[in-house]
Every structure is written in structure tokens, then in C-alpha cells.
Amino acid sequence: MLIGEIFELMQFIFVVAFTTFLISCVDYDILFANKAVNHSQHPSEPIKVTLPDAFLPPNVCSARIQANSFLICILVIAGVFWIHRLVKFIYNICCYWEIHSFYINALRIPMSNLPYYTWQEVQARIVQIQKEHQICIHKKELTELDIYHRILRFKNYMVAMVNKSLLPIRFRLPLLGDTVFYTRGLKYNFELIFFWGPGSLFENEWSLKAEYKRAGNRLELAEKLSTRILWIGIANFLLCPLILIWQILYAFFSYTEILKREPGSLGARCWSLYGRCYLRHFNELDHELQSRLSKGYKPASKYMNCFISPLLTIVAKNVAFFAGSILAVLIALTIYDEDVLAVEHVLTTVTLLGVGITVCRSFIPDQHLVFCPEQLLRVILAHIHYMPDHWQGNAHRYETRDEFAQLFQYKAVFILEELLSPIITPLILIICLRPKSLDIVDFFRNFTVAVGGGGDTCSFAQMDVRQHGHPA
Amino acid sequence: MLIGEIFELMQFIFVVAFTTFLISCVDYDILFANKAVNHSQHPSEPIKVTLPDAFLPPNVCSARIQANSFLICILVIAGVFWIHRLVKFIYNICCYWEIHSFYINALRIPMSNLPYYTWQEVQARIVQIQKEHQICIHKKELTELDIYHRILRFKNYMVAMVNKSLLPIRFRLPLLGDTVFYTRGLKYNFELIFFWGPGSLFENEWSLKAEYKRAGNRLELAEKLSTRILWIGIANFLLCPLILIWQILYAFFSYTEILKREPGSLGARCWSLYGRCYLRHFNELDHELQSRLSKGYKPASKYMNCFISPLLTIVAKNVAFFAGSILAVLIALTIYDEDVLAVEHVLTTVTLLGVGITVCRSFIPDQHLVFCPEQLLRVILAHIHYMPDHWQGNAHRYETRDEFAQLFQYKAVFILEELLSPIITPLILIICLRPKSLDIVDFFRNFTVAVGGGGDTCSFAQMDVRQHGHPA
Amino acid sequence: MLIGEIFELMQFIFVVAFTTFLISCVDYDILFANKAVNHSQHPSEPIKVTLPDAFLPPNVCSARIQANSFLICILVIAGVFWIHRLVKFIYNICCYWEIHSFYINALRIPMSNLPYYTWQEVQARIVQIQKEHQICIHKKELTELDIYHRILRFKNYMVAMVNKSLLPIRFRLPLLGDTVFYTRGLKYNFELIFFWGPGSLFENEWSLKAEYKRAGNRLELAEKLSTRILWIGIANFLLCPLILIWQILYAFFSYTEILKREPGSLGARCWSLYGRCYLRHFNELDHELQSRLSKGYKPASKYMNCFISPLLTIVAKNVAFFAGSILAVLIALTIYDEDVLAVEHVLTTVTLLGVGITVCRSFIPDQHLVFCPEQLLRVILAHIHYMPDHWQGNAHRYETRDEFAQLFQYKAVFILEELLSPIITPLILIICLRPKSLDIVDFFRNFTVAVGGGGDTCSFAQMDVRQHGHPA
């Protein structure tokens, strides 16, 4: 964990520094052979251009950076952000140290043995310790549910809000129809507004502010929340260009290489962030959810693959044929005499055609695919545990497929959504979330239960079948 | 479907035009850097050859085409053929339109819902409609069998003829032993002769000519059929060079790129055209057969993989070692200094060695393969439903494997057979099919049943267990 | 088999000749374009360097070889070794011929039918033949056990010695902890010392020397064995550089190409030589063991994949990110203008970064992996049949994983161990094996049983449950 955060800090510096370097310190004319390099060697010798030749000397380089005031401005902002991350990192170290001490001193689990403990064992030990030392002073005995409530307090609220369709992440768009938009940026903003930002609904990590528990001034509170959402939306809007640049740079650095090496991997699917929220049980820890979804991954992939549109397949096959023909000729010429590759843009053409063909192929279903959506959907259900009633018996329909695709999206779509997130997030916050302020205030008042020794928790997470009915 | 045909028409134009362009309009000397390009730039600048430099100007190009009378001749024939295809395409549009109208007006299935109907539902609706409106006037009620008979009339005949070994597609060749030769070209010719060509055995799409139903003049009819086969064989022979050029071009454009990218895929297997005929049930629709064979694909592949000859494996391993050694040195040199790649033919060598090694590797069985042919063959049987008796208990024998290989051939063999087809087809027609004319005439007379309202159908397809015995 | 040996002889010549050629007959300055080639063409024409230009003329080449006395020395040794191999090969041909005759004359199995016989059938026939002709004169009837004893005499001893931890192949090293070192070179030496080298414990192929069967002079015999081990160790030490060069060359030629094409394959696992010995049943033939281990391969791989260390994963992810960023920029530049590739070392960088990223990725577990070590270990047990008691219920512990990793090692580790083998083998023999001489002498005396008509066999292999207890 700690090392992961250190690496994240390093990645940030690397991305900023590398981009600055690429912008200011490289002489592209030399790289692209538009300009000859003057080595002081005698001319008869063959000229070899090396990479360092293309780099500008440090003094030229720093002069160019200083001349570019826009770049300096961004560098300063990046520096501020990085220091903020550093502070947070140091704070996290302290937290980890406390957890470390708790495990060693209270639970008496030495660090070296920790990897062998399952979560159930750790939990049992906490319950045991409470009986002996009463680490939680409000209650005599801690149950497993209490522990889960504490860890998953905010996540339970989020799950409940998604299930109640309170969060505006489903839209009916003119062309795309029923869509879901839920990115990491949006999630971060929701959490900021509800749980831990300044002026949020929660007083501290465990209790809702007193005024939100009373029914009296709900209109006034909704008004206050609405203003708050507006300000956060505006802040998002102002930071949008910076976040966008960062997202694009990061995505470029992360995915270009994969796109080159195995373009098909972007045609793979993954559980969407929305799916992860929608399919999560109350009081389900991250690793339990992950394990459940992992088990469902394979049948879900197969299920989605059953539905490749025949129209798309024909188009893909033909595009692949045309591209393949040109590539075939180029390959044949290259094998005959590889000087062909020295001709400008031939190599680029070969690379791009290759990528294009691979992308096309990912839309052509395997010839020996067996079509049995009904069975596959039943296997998926066994792992994801929840499914709308109207899917039953309609597994072969496109509506079912489209709804399932909201939970289980293309990786390419996931990346695209993350890239668009900085632009769309402020819009969603300001336009869609604000009118729902009253509903949100009501939701928190109605569905919050104060559990002795456990703080305020979402009442759905009480596992109280009498109150909320059985989910099945 | 429609779009597929449009693309086919476009592919034809593309292949012809692109080949013409490659033959007449490219200056290969420039591409292969045998001739320097004279740009009017001042000489000190590095010269960059671009692709357009290698193309001849349009007027030179068209002059070269006009000078090449052989090429023009082929282009004219291709043009005539393309127009023929275009006419057929327009006719097909009309057919599709009728089907479209039938679905909408008679079956009352709106187009937008069609993808959600299974074939069973459509069929049930036809039976229902018949009861109400009597769309077929000869009969009161249509059964599912009637519908199948109409759709699969000719396919049932073909299946019956293959099962009765009437069609000469099995040969005993001097070196290769018992072989099967059945390509798309051959199938097309068979259908032309029997079903829909001018002078075929069938009067129209649903009834056999009256004279073939009578036993009287069978010798005379056989004589007539024999002459007809001769003429079609001669026509095939005359068209052979053209078809051959087309097949070679098309295969080159289709498979070169795959050969480069994943040479192993040609070592994959597929159900042969013969296998598809041999394993087809009577009255089985295309998609039902396809689904059955797809299910059997995986165990069939595994079964065939059990039989990689140890001798071949050793040879392949050693060839791969020798090629790999040379490649290893070239790679090491390239990593040390990539100027090595600029040396003539090094890149070609690397590419060809790489392809060679991959091909070799496809003959080396996975080290962790488990050998259990008997079980695999039983799994295959569960899907393909038919198996000669002498395979039982002999799954590990090479004879069984060879016979199964006739049904489940290498993709490379499939491509090769298609390439050879234009040459071999006329030989088969003239030498092998003609002597069987009498048998064929007898077959159609003996095994044709006129079903009221369904036209003439193959009697095997009647599913009449009393007459033909149980297949099992 | 025969062909495999012919190829081995050819490989040896090839490796020696090709290396000599690379050392003496290539002008690397031309290859690396440090020196221009002087073709007698007129200068305006573009210069194309071809591969033969880089080869020195034969007379220069042979002069260089003759000048290099170290090389000549090695070539002579290699020649002697090759002739030794050739003699052995000719001897093997005679053996194969005898086996061939035995099958045809005694067992009456014609060669053409041999592939269809299972081992059980051949065995049954031998038992049958013995009853008729008494091919073994000491006994009336041969049982299957007798046949197995004869074939597997030495292997049974080795299995017993490994199971009794008599052979020093487990060490406790300062940094690495409990390690196992058992390579093909070591195995060869063990067999040399015990079974068939001059002065070994066995008189001939079937009986232990008489003095080792008597308890009397065990100290003296241990002394003698110890001296013998010393000498063999010294011989190993002297030959070490030669074997090392051979191993490195062979590994380079064999694995470079794989490393380039699919670097992930070195991250695959295989059953270690120790594992093959440890998991082998007494009286188990090679193909039976292989089949058992092959069946266990897939679950074993999955089991080991469950344990990728999270720390390693994070490091690998980040290294892949940094490498991927640089690669992304290079790819983008290349697509924009491929002249970038002409810059010195860019192509090398791209290649190496690509390999590095692939290696990193092999340490990143699949995101959708399901963690269930306990179940997997149970599946493995069903195939490998043996498992220490303390693994039961501890499948998720790292100790269990580490112990299992000794049986099921990385392929990369396997290759590394084979490379290190020439250096470590003499050390093990001299330092670790010599002190165990007495134990070894005792082992052979105590656990050898003379079976009438079967020679001396290891008593564990008698399958005598009363004497040695039940293994389960």
C-alpha cells in the first residue's frame, strides 16, 4: 500500500517532467531526419545519428522552459498538487502506523504472520479482544455486523443511493438512449459532497450532523446542500482543463503501448464502476465483492460475445479484407526487398493497418462459438446474485444485453468515460444533482439509524428483513 | 445479407483494380531503391522517398494498361462477370423484399422485433397462418416437415447422394491413399447439373422433370445427362485459368496477413465441406448444423492434436532449433547495433525465420498434453451424432484418425484444395461423374416422392422409419 | 529415437561450426555500418550492403582460425567428444536393432502395427511368450513386476534415495533458505558413480558387486567410494569451463528467439527434475509418470499463480508504466515519421522496452483471478498422489507454496540452474556427497534384494506392504 503511494507520487513527477522534457528539450528536426547532424568527423564515414544528438543542451532547454509562461504556470499548479499529495501521503503513513500498532499490540498478530490470517480470523480476534479489554467503550460486545458497519459506513450509503436511483447516473440521452455515466471522478465528488468535504452532511467519520436528523428544516438544508453542490461544480469546472490534460497524458502513457501490442485487449470487457455499486451487497467488503465478480467474469464475457451484431461482423470482415489486401502486398514487397520499408510512411502504414485489422477481428465472433445466452445468464446470476425480473427468459434479447452492458462495459468505453469525466462531471453536479438536494436530505434523515457504539449507519445495512423486506 | 453482397461486389472491383494498379502503375525500381529519386530540392538535404514518388503518373499508367492487351482482355471478362453478379444482386434484392413483405404482411412480424424471434416461433406462426388463410393452396394444414422439405429440398438430395456414395468425391490415389475431394467449386457444379442449370433434372424449383420419374427411357436420359456433364466440364476447363487467377489473388489478399501475424492459425482445423455434408441430418437447417458442429469443434481439435506424429515432432523441433540459432544471433546483433537491419535481406531473413519457427512449433505438441483419444471421441460423437462402427474402441488407431481427418481437415488443406479446385473440377466432372449418369438417373427416380403441396422431395427426408430403416 | 540422436549429433556440429564462423569469419564493422563497402559500381547509384559483403573470404577466415590457438584447442576437444558421441550412437543403433528383432521374432509384433499396441498389450505378450519359450531361464513365469524391476532397476534406487533424503540435493543456504538443487548434470554424475561408471557399485547391469552386499568391510568400501567421488568431482571441475561454454551457447541458441517472441513463456512453470523424482512411484514407467504430471500441470499452474506477491505486483505495474510511457512516446513519434527508427539505438530501445514490459506483465496477476488455493491443491493431489501432511489445510500459506515451488519451478529457474550446474556440481560432489559415502554403502546393502531371474533390485520396489509399511 505504502509503496503503491510512493510510486504514485513518483509517477506524477515522472509524467510532468517527461512531458516538459518532450515539449522543450527535443529537436524534432533531427529526429525526423529533416536536418542533418554535423559531427566533426571526416565526411567519408557513414553518419550515425544517436539519440543524444536530438536532445538540446541543458542551457538551451531551460531557457526555452523559462520562456514558456503557460508551461511554468502549469508546472507550479502541478507542484502545489504534488505537495498536497505528499502531505496526504505522510498522513497516511501515520494511519498505517496506527493500524500496524493495533494489530501488534491489541490483536497480538505479529507482522510476519499477517499474510496467513484470513479476514475471518482477524475479525474473530477483534470480537474476542473486545470481550477482554472493551476497546469500544459504548458497547459490551462487538458483533461482526458492528465491525462491518464501521468499515463500510459510507459505502453502504452509496450502495443504497444507487439502488434507490437517487444518484443521477442514469440518463436518457437523445441518441444513445438509456445510458449510465459513473466515473471515478464523479464518485470522488459525491463522496466529497456527502461524507467528508468541508460542509458535508457528516459531522465526523461516524455521525450525521444533528440538523439532518430532524425533519424540521429540511427545505432550508436542501437549499444549503444545493448551494454547496453548485460551488463544488464550479470548482470542478475551473479545474477541468488541468484534470483533462492529466487524464489524456496519463491515458496516453498507459495505453498506447497496449494498443500497439495487443489491440484486442481494449475490446475486452470489465465490470463498470456502476456495476460494482449496483451488484454490491450491503456490508460487503471490497475483496468479497471482487471475488464474486471475478468468478462471474468469464461467463459474463461469453454472454456478451454471443451478441456481436451480424451487420458489424460483415462490415468488420470486409474492412479487414481491404486493409489485409494492401498489407499483403506491402508484406510481399518487403520480403522481396526490404528497402521498401525505407520509403516514407510505409512502416507507419504497415503498423496502422495491422492495428486496424486486429481491431476489426475483435468484432468478428469466433466461428465455432456456441450460442446459448440463457444458460450463460443463469451461470452469471449464480455469482452476481441479482438480476432484474424481466431478464428471466429474455436472455437472447438485445434489451437484456444492453442493460447488462451497463454493468459490464467495454474497457475502451471505460477509458473514454474516464477521459470525458472532467468535462461531464461539473455538468452532472450542477444540472442533475442540484434539483435532487431535497430527496438527498430526506434520504439521509429517513434511512439513518444510530447504532450504539457504531455511529450512524445506513438502515438498509442493518440486515433487518422485517423493515425493508427480503431482497430476493 | 444485402450488405454482404454489396461488399462482395466491391471486393471484386477492388481486387481487379488493385491488381491492375500494382501491375501497371508502380515503379518498383524506386520502391526497391535501385534508382534514386530526383527531387528538385538542393542536394545537401537528406532525401526522403515517399510512396507517391513510386507511383507512375496517370497518363503513363493508362498508356501501359492500353498497351497490355492480355490485361485488357481479362478486364473485359471480369467486367462481364461483374455485371452478371450485379444483375443477380438486383434479383436478390427483389427476393429479399418479398421475404420482407411476407414477414410483415403474412406473418405480421414487424422488422424491429425480428431479431427476438427464434426459428421455432416463426415456424409456429407459419403453421398458424396456413390454418387461417391457406397460403399453400394444395393442402389444408402445413406441418413443420412440409416447411423443412421446401427449404431443404436440394440439400436433402445432396446429403442423400453423399451418404449413398453416389457423388464421386472419394478417390483412391496412388500415393495419398483414400482421399476426399469436395470443394465449393465442385459443389456449385453439382448443383448446376442436377438442380437449376439449363437442362437440369428439375423442371422448376419444386418438381423433377416428368421423364425422369418414369422408368422407361432411363438409358436415353443417362446418355443425355452424360453429354450435359461433358459440356459443363469443358466449360469449366475453359474458364479454369481465369478462376485460378482469381482464386490465387483472393487467397493471397485474404491469407498473407494472417500468415504473417499468426502463422499457427493455418495449423488450426475446420470441418471440411465433405464433413458438413456427411454429418448433416436430413431436414437440418444450416444454423442447426452449424451449432452442432461448433459444439463438437473443441473436442475434435483436441482429438486430432493427440495424434501429432513423434517423427514430425522431432524434425520440427530440430528445424526450429537451427532456425532459432540463426535468428538468435541476428537478434543479438540487432540489439547491439540496429544498423544490421539495414543490410540487404537481413530483415527478410528475420521475418521468414520467425514464420518458419512458428510453423514448426505448431507441429510440436504441448508438453503437458494428456493422451485420451477414446474419451474425446465419445464427446465428439455426442455432438456429431454419427460415427462408423469400426471407430468404436479404435480411437487410438491411425486409421480412425485419418478417416476423421477427412471430416475435420487442416485449414491449410482447405485453402489448398480450393486453390486446386479449378484444375481438378473439370477432371472429376468428365472422368468420374459421367460414368455414373445412369446411377444418378436411377437415384432420382427411385428416391423421389411427390408430396402433396410440397413438390418432389427426397424420400429419405420423409423421416419414414418403415421404409428406410433406422439410421442408428 | 534414432532420428533424434542423428539430429543431436548434427546440432553439436552446427553449434560448434556456427560459433567458430561467427567468431572468425564475420566483419562486424561492415555489419554495423561503421565502414563503407567499396563496390566497384559507379558512385551515383545507391549503395546496398548485402550479407555476403560482411563475410570474410574463406582464406582470410581459415587463417584467422589457425592463428587462434585457444579456439583450435576447443575445436579438438569438441571433435573428440563428438566422436565419442558417434561411437555411442552406433552402439545404440545395435541396441535398437536388437529390440526391433525381439519385437518381430519373439513377440511377433510387426513394425507397422506397433503404434497401435498399448504398453499393457506388449507386456501381456511378453508374459505369454515366457510361458511358451522361457526367454528368461532363471524363472518359470514372469510377472509384470519382474518386467518393471528390470526396466526400472536404477530409477527405483534413485527414487528411494531421494525419498530417504540420502542424496544431497536439499541445502539450507544463508540467504535463499531451504533450497533444492538437482540438475541433469548432477543426475548424470550420480548415475555414473552408483550404477555404470568404471568402479561403480554395480558389477553389471543387473547385480550389485558382491562386497557391497556383505556388512563386513563397510568402512573400507565407504572409503573407496569417497575417493571415487573425489576423482569424479575433480574431473567435473576440470571439464567445467568447457561444459559451461557449451551450456551457455546452447541456451543462447535455444532460448533467445523465444525470449524475443513470447517472453512470458519463461514465466511459465514446469515440474522440476527433483519433483519428477520425488513424485515418482516405485515401478512407474516414464510415460506413466509423464501422463500423471501432465494432468496435474494445469491446476498446479493455477495454484502457483494465486500467490503472486502484492509487493512484486505493485513494483511490476509501476516499472511497466514507466517503460510503457517511454515506449508510448517512441511509438507515437515513429507513427508520425518513421525516420525516428533510423536514429541509433531507438529500435533497440523499443525492442528491449517491449520485452521488459512483457516480463513485468507476467508478474501482474490476472485481474479476474479467483483465489481458492485449498481446492486447487486438492485437485493437484488427485494427480500427484503424494503430499506432506502439513500442507493439509495450509494451502494458503507461503511455506506450502515455497515447498511446492521446489517441485514445480519457474522455467527460467530451470534454465538458470542448468547453466550454473557445471560450476556447482563438482562442489556438491566433493563437499556434500563424500561425507555420505557410508550412508550410501549402507543403503545399498540394506535395501537390495536379489530376485531370482531379475537381478538385484531395490527392496522398496517390491511393493511389499508388510516390510515397508503403507505409504499413504
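Here the chain labels run A, B and C in written order, and each chain numbers its own residues starting at 1.
Methods note: contacts are C-beta pairs under 8 Å (C-beta built on N, C-alpha and C of every residue); 3 or more make two chains touch, one makes a residue touch a chain.
Keep in mind that what you see is a predicted model, and the values were worked out from it rather than measured.
Under the contact definition, chain B and chain C share the contacting chains A. Shared numbers divided by all numbers used gives the overlap of an interface; between chain A and chain B this overlap falls below half, so the copies present different residues. Each chain gets one centre point, the mean of its Cα atoms, and the points for chain A and chain B are 46 Å apart.
Among the residues of chain C, those in touch with two or more other chains are 33, 48, 339, 341, 344-346. The part of chain A that touches chain B in the complex is made up of residues 33-34, 36, 48, 311, 314-315, 317-318, 321-322, 324-329, 331-346, 349, 354, 357-358, 367-371, 396-398. Looking at the complex, you find that chain A touches chain C at residues 3-4, 7, 10-11, 14-15, 18, 22, 31-33, 44-46, 48-51, 53-54, 115-116, 118, 252-258, 260-261, 270, 291, 293-295, 297-298, 339, 344-348, 351-352.
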